[in-house]
């Protein structure tokens, strides 16, 4: 029974973690209005939340499960093979799926988070070029090179590339992919007027990266406000 | 027994949902000081919270139930037929009732939310004309045309009409009605120096619309603060 | 046994309410660092929290109970008769006691709240004169004349007197008293660089008044920030 | 069995308190992204959280226990004697350990808190010299001289020294130590672009000091923003 893929008493099972983490992300404003989310990869299974639902009310039974890697006959971004789909009518896999996949494929990430954090959006409005940059902040030490490598030093400058938003989320796939290749050390990708994609070597790592980056966007914006 | 209208073990029963949702709205500052609230329509029943009570402490037994539509002999805005009133002394139906009714009648909404969010109020102070407008924000994609239709595109400009406040809440009924007819695509109505009315095709939809609009008011105000 | 004065299964018993309300006030920043608190009068008993303790960790057993009114032989502000004191060593009644008493005596209040809210403090820094004033805000309708009378109209201007801070909290007693007599319609008293005293005809009313005033201080400060 | 050092039904046992307090600190933004933490000294035992883990998810079984004072043969800052280490692979004691020790040794503190609060960081950016200073704020009365002595008066000016950040946390040890000796009345030490170290005579006192200082940094930053 494929439903066993999302039924577990272990609170750290991805089908339990995704709802719990989304509730936490909701309270800090990262996934309000059904936006944003998280995908977790464990072994060769990818766990995914549905699209367009209240992220703070997801249940384990709503979770999609996909094989990783996808069979090579599947066309990138437009087709997908599933091991388990929720039975509820109208649930569609997250529109972020191909962007999460970028993190799995290009960075060997085990989890990818997408936020609509206002700190991220404000950072993309105030840093008008191709990158957000900040230096001399302790929280930079929490950021991993490429998101999954060694942590940065306090003396390093953090550089987060910014891609331009598109009407359809999946159309961000190629520009995100290109930017991840252009900036191999980037720990996340900002989407202008939209939010952040960030990943990590584990779900804990992805969450930590997300918190450190969001802290740095917030303090960067505050510094601009104060004229610093 | 009419009390059965508000007694249910189902957490998604409107008499249970209204108290739960109000507790959530309270924590984000939408309904402090007894202001604001939510009304849910299910079939031909409308569920309503009392006026002037702490919205985060409502119980299912406090809920009013009204028939929808109201009998044609009832005079608009001043008389109402109830199927169930709470027994507690001093509880009066929400003063927002005729404004919620606008959303049910003009947009076929199944739920209507009223917030006193400071983001909404600040938006009405900074956008001094008849409308709040914002474009090029991902969260615009969460907004439905007319509040209950198809979602907007990222390329659309969001327009939210603003009506002027009045000393008595029910006196907003006609100007809200007129503005909803003038702007048939409007997903919500701002009340200057007061707050927001917003609705949706379901209670989930109304909550999502409210979160997306509030996010957009907040980021719009922040952009003004930063001179953007 | 005087301990029965603070032992009850009723969540609305003052000895249970004070700890619960203080936990809520803590999460919104009104009583951090042991500052602030609430006193509730029920019949001729006044319930009081201890001084200098973490307000979010008060237990019913920590509550003081005093007779109201105090016996006439007791000297104002310096002596007090108690019906029940907590057994824990080192607990002293709140230094706000004589200020709470002002609200009971002069306004016939049934509860008085003291916050260190930053919105209140910022308001006293930006309104440099003897009063904070604001008009044309819906939340003004939540404010009661004198704190316990009829509610204001949307067309009324809210006036909250400001007294100057003193090194010792009890030394505010006379100036607060004088200001309450000078402004008989005042629903609360701001203390410059310190916080707010606010009361109501019931504990629910006091909490509602506190929320409405705090909302108005916050939006007043934001309006100054935006140059409105 | 050394595990008994961290196993207790008493919620006030340090091994239970540290996880609980860290969850609270997480919700107010002091310890996101694995940063910050708290150490508690009880009798001659010091309890310590691990380094680089999600502070809101620490369990009592993750806690390190060290003897206090350390045996004199141990080299300062680089060697340490433990009574109990967690069994989980990869857990290392907090990098803040020698800084917590400064508070235990120089101030006879019973608890030391390290936050990455943005209010603290912004204060260090806006006060560019060797100290943050603020006066005429009620919350100053919550601050203890030297962090563990008598409380300040409302008429006192609060002075919090600021040290410069270093790439490695332990390299702050000597400059923090020197600053604590130079400013014997200082209740905490700010680290520029990094955060705060603060302590107290008890864990309750340390938490109270942390809350009062953070409040004062926040209001100091707001005053600069408003041009006050």
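Each chain carries a letter (A, B, C and D) given by its place in the written order, and its residues are counted from 1.
Methods note: a residue touches a chain if its C-beta (ideal position, glycine included) is under 8 Å from a C-beta of that chain, and two chains touch if they have at least 3 such contacts.
Worth saying up front: this structure is predicted, and the values here are computed from it rather than measured.
K.L.:
Call it same or different for subunit B and subunit C: same when shared residue numbers make up over half of all numbers used at their interface.
P.N.:
Copies use mostly different positions to touch.
K.L.:
Taking each chain's centre as the mean position of its Cα atoms, how many Å separate subunit B from subunit D?
P.N.:
Roughly 45 Å separates the two chain centres.
K.L.:
Nearest whole angstrom, what separates the Cα centre of subunit C from the Cα centre of subunit D?
P.N.:
About 32 Å, centre to centre.
K.L.:
Could you say which residues in subunit D touch two or more other chains, in rising order?
P.N.:
225
K.L.:
Edges wherever two chains touch, nodes for the chains themselves; is that graph a line, a ring, a star, complete, or other here?
P.N.:
Contact pattern: a closed ring, each chain touching exactly two others.
K.L.:
Per the contact definition, I'd like the list of subunit C residues that touch subunit D in the complex.
P.N.:
These residues of subunit C touch subunit D: 29, 32-35, 53-54, 116, 118, 121-122, 125-126, 165-167, 191, 193-195, 221, 224-225.
K.L.:
Looking at the complex, which residues from subunit C come into contact with subunit B?
P.N.:
136-139, 142, 153-155, 204, 207-208, 211-212, 214-215, 218-219, 222-223, 225-226, 228
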